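What follows is a short report on a single structure.
Naming follows writing order (A, B, C and D), and every chain is counted from residue 1.
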Amino acid sequence: MDDVERPDAPDRDTLLQMFEIQSRIKLCDERFRTMLMSGQIQLIYYSPRGQECISAGWGVHLRQDDYVVTIYRGLHDHLAKGVPLRELWAEFLGRATGTCKGKGGPMHITHPASGLMVTTGIVGAGIPIANGFGLAAQLNGTDQVTVVNFGDGASNIGAFHEGMNLAAVWKLPVVFVCQNNLYGEHTPMSMSTGVDYISERAAAYGMPGVTVDGNDPVATWRVMGDAVARARSGGGPTLVEARTYRFWGHLMGDAMEYMPKDERKAAMAADPVVLYRAWLINNGHATEAQLAEMEEVLTAAIDDAVEFAMNSPQPDASELYTDVFGDNNDAMLQGVSR
Amino acid sequence: MSEPRIMLTAMAINEALDIAMTIDPKVFLLGEDIAEPSGGVYKVTNGLSTKHGLHRVRKTPISEQAIIGAAIGAAIAGFRPVAEIMIMDFLAVCLDQVTNHAAKIRYMSGGQTTVPMVIRTSAGAGRGFGAQHSELLEAFAVHSPGMKVAVPSTPADAKGLLLTAIFDDDPVLFVEQMMMYWDKTYAGHVPEGDVRVPFGKAATRREGSDVTLISYGRQMYDCLAAADALAVDGVSCEVIDLRTLVPWDEAAVMASVGRTSRAVVVHEAVTRCGFGAELSSRIHEELFGQLSAPVQRVGGANTPVPYASNLEADFLPQVSDILLAVRRTQG
Amino acid sequence: MDDVERPDAPDRDTLLQMFEIQSRIKLCDERFRTMLMSGQIQLIYYSPRGQECISAGWGVHLRQDDYVVTIYRGLHDHLAKGVPLRELWAEFLGRATGTCKGKGGPMHITHPASGLMVTTGIVGAGIPIANGFGLAAQLNGTDQVTVVNFGDGASNIGAFHEGMNLAAVWKLPVVFVCQNNLYGEHTPMSMSTGVDYISERAAAYGMPGVTVDGNDPVATWRVMGDAVARARSGGGPTLVEARTYRFWGHLMGDAMEYMPKDERKAAMAADPVVLYRAWLINNGHATEAQLAEMEEVLTAAIDDAVEFAMNSPQPDASELYTDVFGDNNDAMLQGVSR
Amino acid sequence: MSEPRIMLTAMAINEALDIAMTIDPKVFLLGEDIAEPSGGVYKVTNGLSTKHGLHRVRKTPISEQAIIGAAIGAAIAGFRPVAEIMIMDFLAVCLDQVTNHAAKIRYMSGGQTTVPMVIRTSAGAGRGFGAQHSELLEAFAVHSPGMKVAVPSTPADAKGLLLTAIFDDDPVLFVEQMMMYWDKTYAGHVPEGDVRVPFGKAATRREGSDVTLISYGRQMYDCLAAADALAVDGVSCEVIDLRTLVPWDEAAVMASVGRTSRAVVVHEAVTRCGFGAELSSRIHEELFGQLSAPVQRVGGANTPVPYASNLEADFLPQVSDILLAVRRTQG
């Protein structure tokens, strides 16, 4: 984000709210990585660092009763939808106090109270499911919106195609957010995808498609706002491609030998959260002290969540066998010698 | 007492769907070609879109992943969707939504989100449809913890089990053998109204003392036919119809086989790694030492389903195969 | 086809070759339907009547060593690729003398000697498989072309999307022929598909896409020729949408209550094979006598094929167990009580 | 005699791929991220694209149906493709290509077209990947006539069976438990060169006289550990490693159990309707009357795979479960 005032910017509250979400994500991510590197915790971790502005961009447009679906790389989306820090941390660490009692884990965060409905580890699979939430709202006659997040790589899988087409044909209130970080695991988008812009694919369904710089919070906010408003008002679905970059590769421990060093260096130098922070201050939307205080509060909340999670027990052994079915679990688990 | 209401299987299923939609606005249907004017390729959903509206009887594109996905999301959000996968073999194009999502979501969310949906699917050989439109794949769902599985054999069960499935809070795979839809051989009395058949309760279709034939779906009739034939020779067969496979009625099976000391399990699916293997294993595990003969399995051949009518007939488990299997238990 | 001379038409031999293919299909289809209606034969039959010009349009561009993949509604494609009548009829009737020994049936016709490689009953599934044939040609450095046929309905399934994208990214020598007959089973395309023209979907893969009147043999010939030439010369894949109509609904016995009567009547009145026949004569490319003789020869060949098939035995019972595996079949089939 | 060549499982697989590509130009690989510079997410294909070229080690989009489809077509056309499905649970997104096409095409074509391809896939719990990245699904393939299935337990078998799979004329599902790839516990001697291990020949990993433990893949080691523990108590276990499930070595299993009169089958997959049910059924069918106890099954819990490390460990079959099962056979 260039350091000039933006006539297209939202009001100050919204600007700060976006920053708050971005910072929460960034600080959370930093804590995860620090604790992972120091060996305090161990888990498969997909860092969303670099992609904060996208979730913040839709986050401020959504109500609590709107639905969000996301993927294994979902921490930013979970936080943008308001999943509470304590339960989120506890779930990432596999504790009984986690959102899912430690049974789902980072790839399967669910917190209906915040509207975070499904996190899936199967590339593209959340897209058809998101349509179901949209359909529920449509059938109920509410104006709830569903936002489903996925990567650039996901746009090559069958579920994307089927889901996009059905949403268009049924005019579902769903916003399809393709967080294009230019890579799917170790493969650059150009080696896997027949188009340069994922948003070009929207036309194949008669759906509006738009590409936005996902590192520009103001532009992203506007595009997301239009898409959410279209969905909310019965105008049907939109495909938003928000272009960004994964700072830390596919997952922690990734050697990143397939990412050109300069490319990554440049992306990190243009850290969108850092630039946005500076922009807020330089354009008088906030003072350094204000933002620092916000960050302090967030840090304290993360401290608290980490402590809560680290001090929480693992799930009781009996939990292995619960929640498989709603009723009569024992009978359903029958047929085991062990 | 009122007259028996004799119905065909397809009509019984239609009635269950109609009743469910009438009593609960959260029930809706989705699938390919299920709406009027055609009312489904097998006419099973005939009339329902006219009565309940196209918003509740929803025709879809040929997009099975989108169908199951939409059902999952709507189910989590409080609906009770009934999705149709036209033919069971097509489960293979959307299995990810079924086994990785519908089945696992309750567990992965620690019980926060449930997926009260039904996947209705028609199945089975005997129509000359060939290798890709004739399979019974219930074993896939049984092997996927989180899925319940029902395979009705009578019109009354088709209706009663489907109603139970729709109002169950877990995802249910509901298998309809297409040979039974409109064939009068399979017609039967169906009680009026919202009469439900519970899951996990087998029906004893015939009592007997020498051997227990355990089956489900259309092959139950082959068991009855075999029992008739064997009765002539003085062999008394008990015929147990499981009705649901997850859960299945272990108590009833063990009690019966405990008495007869002999069992034959019969299903249409390919024998190898079919549900019959699970049944056989369980019976041996529970009743070892009480059995007079090993449990016999009769199932589809371990081959794809062939096209030529003579081969297709041979693929299917035959009454003669059951007779042979029973003879082996008499050894 | 209007009754005026066409400057875009191919040479006379090609024109007559196309007519020969069309007539072979039309006559075969008529025989199947007559025999089905009279109860002489019984089978699930998907009539290709109305779609003849499309297969003829690519048929004349292909060599024997080119590959074709098609679907359950495939009789026209089988014939256009040269599958011999006798074995084809025998397979449709489930006889031991059929292309597949009676074990595959109409939905699974395979005849590698003619280059008819796969017929599938699963909507869309042939598309990814066709890429494999294209890849084989590319890796072998031959100039063989693969033509894969599918319906409008198939363009909504995941396999279509994945297959199209991979073909584009790998620049495979494959021609994707969408035979758009406006319906998928009982559902009109407009109720299931987010676009008006399937060819619009090509852009989502950076692939050329073109719509042609599939009832116009000359236009279809030209478009197919371009696509085949592009594939053959290393120019990569093309999506051709050929618009047409199914005269007899989805399958024999279809009540067709979902097809507007007038629409069907108009389509049948404009029978493309009949119009083409008239055009050939009226524009001096052939005489009535010439075409009638051609039809007689074809009818005789069909008579012969029908007789051959009807007099052929069903496969031997032992065939149930063969061809499951290439070796050691017995051991592989182990584990059966029956 | 040369020194033993101790290798890790991933390296042994890599060597098999390298040899196959070297000796036969028709062999090529395709899958997500398998090429350089990264060489695969588990580095199993490391170096191969550099050596054999990007045209033979083909990175694909995230499109599993397209991957398997391309392999099928190329296989029919004379190649021997080796497709990688990164994690076994993802088979669910492409199962149609596997079970409806790869498996059935030979049969449906009456033997005219064959599909000599391999689907390599990594599998298994124990890495904290949760419910959608941890499953063993070999039973799906065993229940799909036309597919062969291999699950190696040692580096030598991983190499030798993979070479056999690649040069076999039928489609093979080749299951690699990811816990074994780079773990020294599973390292072992691997013969140099093109040394193949035949399908359908079990390996007796330990001889014993009291009970037969039948397993495959990683769980074979749990069987050995159980056998060690039981030896202390004077119980002598024979450990049979099946190596391939289609075909499986009935002769070896029946001979061993015929001698010991007791059997425990062990695998990682969910127990219900797992391959263990097939094994158990067959053993009872063949050896009824010769068994001293019912065949015991030890497998994954009948639940999705949980995330928390303590639950995940409990999900997996444990050595202690095997000990308990053996005790049940001693009755």
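Basically, a contact is a pair of C-beta atoms (placed from the backbone, for glycine too) under 8 Å apart; a residue touches a chain by one contact, two chains touch by 3 or more.
In UniProt terms, the chains line up like this: A, B, C, D = Unannotated protein.
Not measured: the values here are computed from a predicted model.
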| item | value |
| --- | --- |
| Per Cα centroids, the chain farthest from chain C (Unannotated protein) | A |
| Geometric centre distance via CA averages, chain B (Unannotated protein)-chain A (Unannotated protein), whole Å | 40 |
| Centroid distance [mean C-alpha coordinates] between chain C (Unannotated protein) and chain A (Unannotated protein), Å | 45 |
| Cα-centroid distance, chain B (Unannotated protein) relative to chain C (Unannotated protein), in whole angstrom | 36 |
| Inter-chain centre distance, chain B (Unannotated protein) versus chain D (Unannotated protein) - centres from mean C-alpha coordinates, in Å | 31 |
| Chain D (Unannotated protein) residues counted as touching two or more neighbouring chains | 60-61, 63-65, 89-90, 92-93, 96, 100, 107-108, 130-132, 145-146, 272, 278, 281, 285, 296-297, 301-304, 306 |
| Chain C (Unannotated protein), residues touching no fewer than two other chains | 100, 102-104, 108, 120, 122, 125, 156-159, 162, 165, 169, 191-193, 324, 332-335, 337 |
| Chain contact topology (line, ring, star, complete or other) | complete |
| Complex interface listing, chain A (Unannotated protein) residues touching chain D (Unannotated protein) | 42-44, 94-96, 100, 102-108, 120-125, 153-154, 156-159, 184-187, 191-193, 250, 255, 257-258, 314-315, 317, 319-321, 324, 332-338 |
| In the complex, chain C (Unannotated protein) residues that touch chain A (Unannotated protein) | 156-162, 164-165, 168-169, 191-196, 200-201, 203-207 |
| Of all residues in chain D (Unannotated protein), those that touch chain A (Unannotated protein) in their complex | 32-33, 37-38, 41, 59-65, 89-90, 92-93, 127-133, 271-272, 296-299, 301-304, 306-311, 314-315, 317, 321, 324-325, 328 |
| Chain D (Unannotated protein)-facing residues of chain B (Unannotated protein), complex | 89-90, 92-93, 95-96, 98-100, 103-104, 107-108, 130-132, 137, 139-140, 142-146, 269-270, 272-278, 280-281, 284-285, 288, 291, 293-297, 301-304, 306 |
| Chain B (Unannotated protein) residues touching chain A (Unannotated protein) - in the complex, by the definition given at the top | 28, 55, 58, 60-61, 63-66, 68-79, 81, 96-97, 100-101, 105-114, 145-146, 148, 168-170, 200, 246-248, 250, 278, 281-282, 285 |
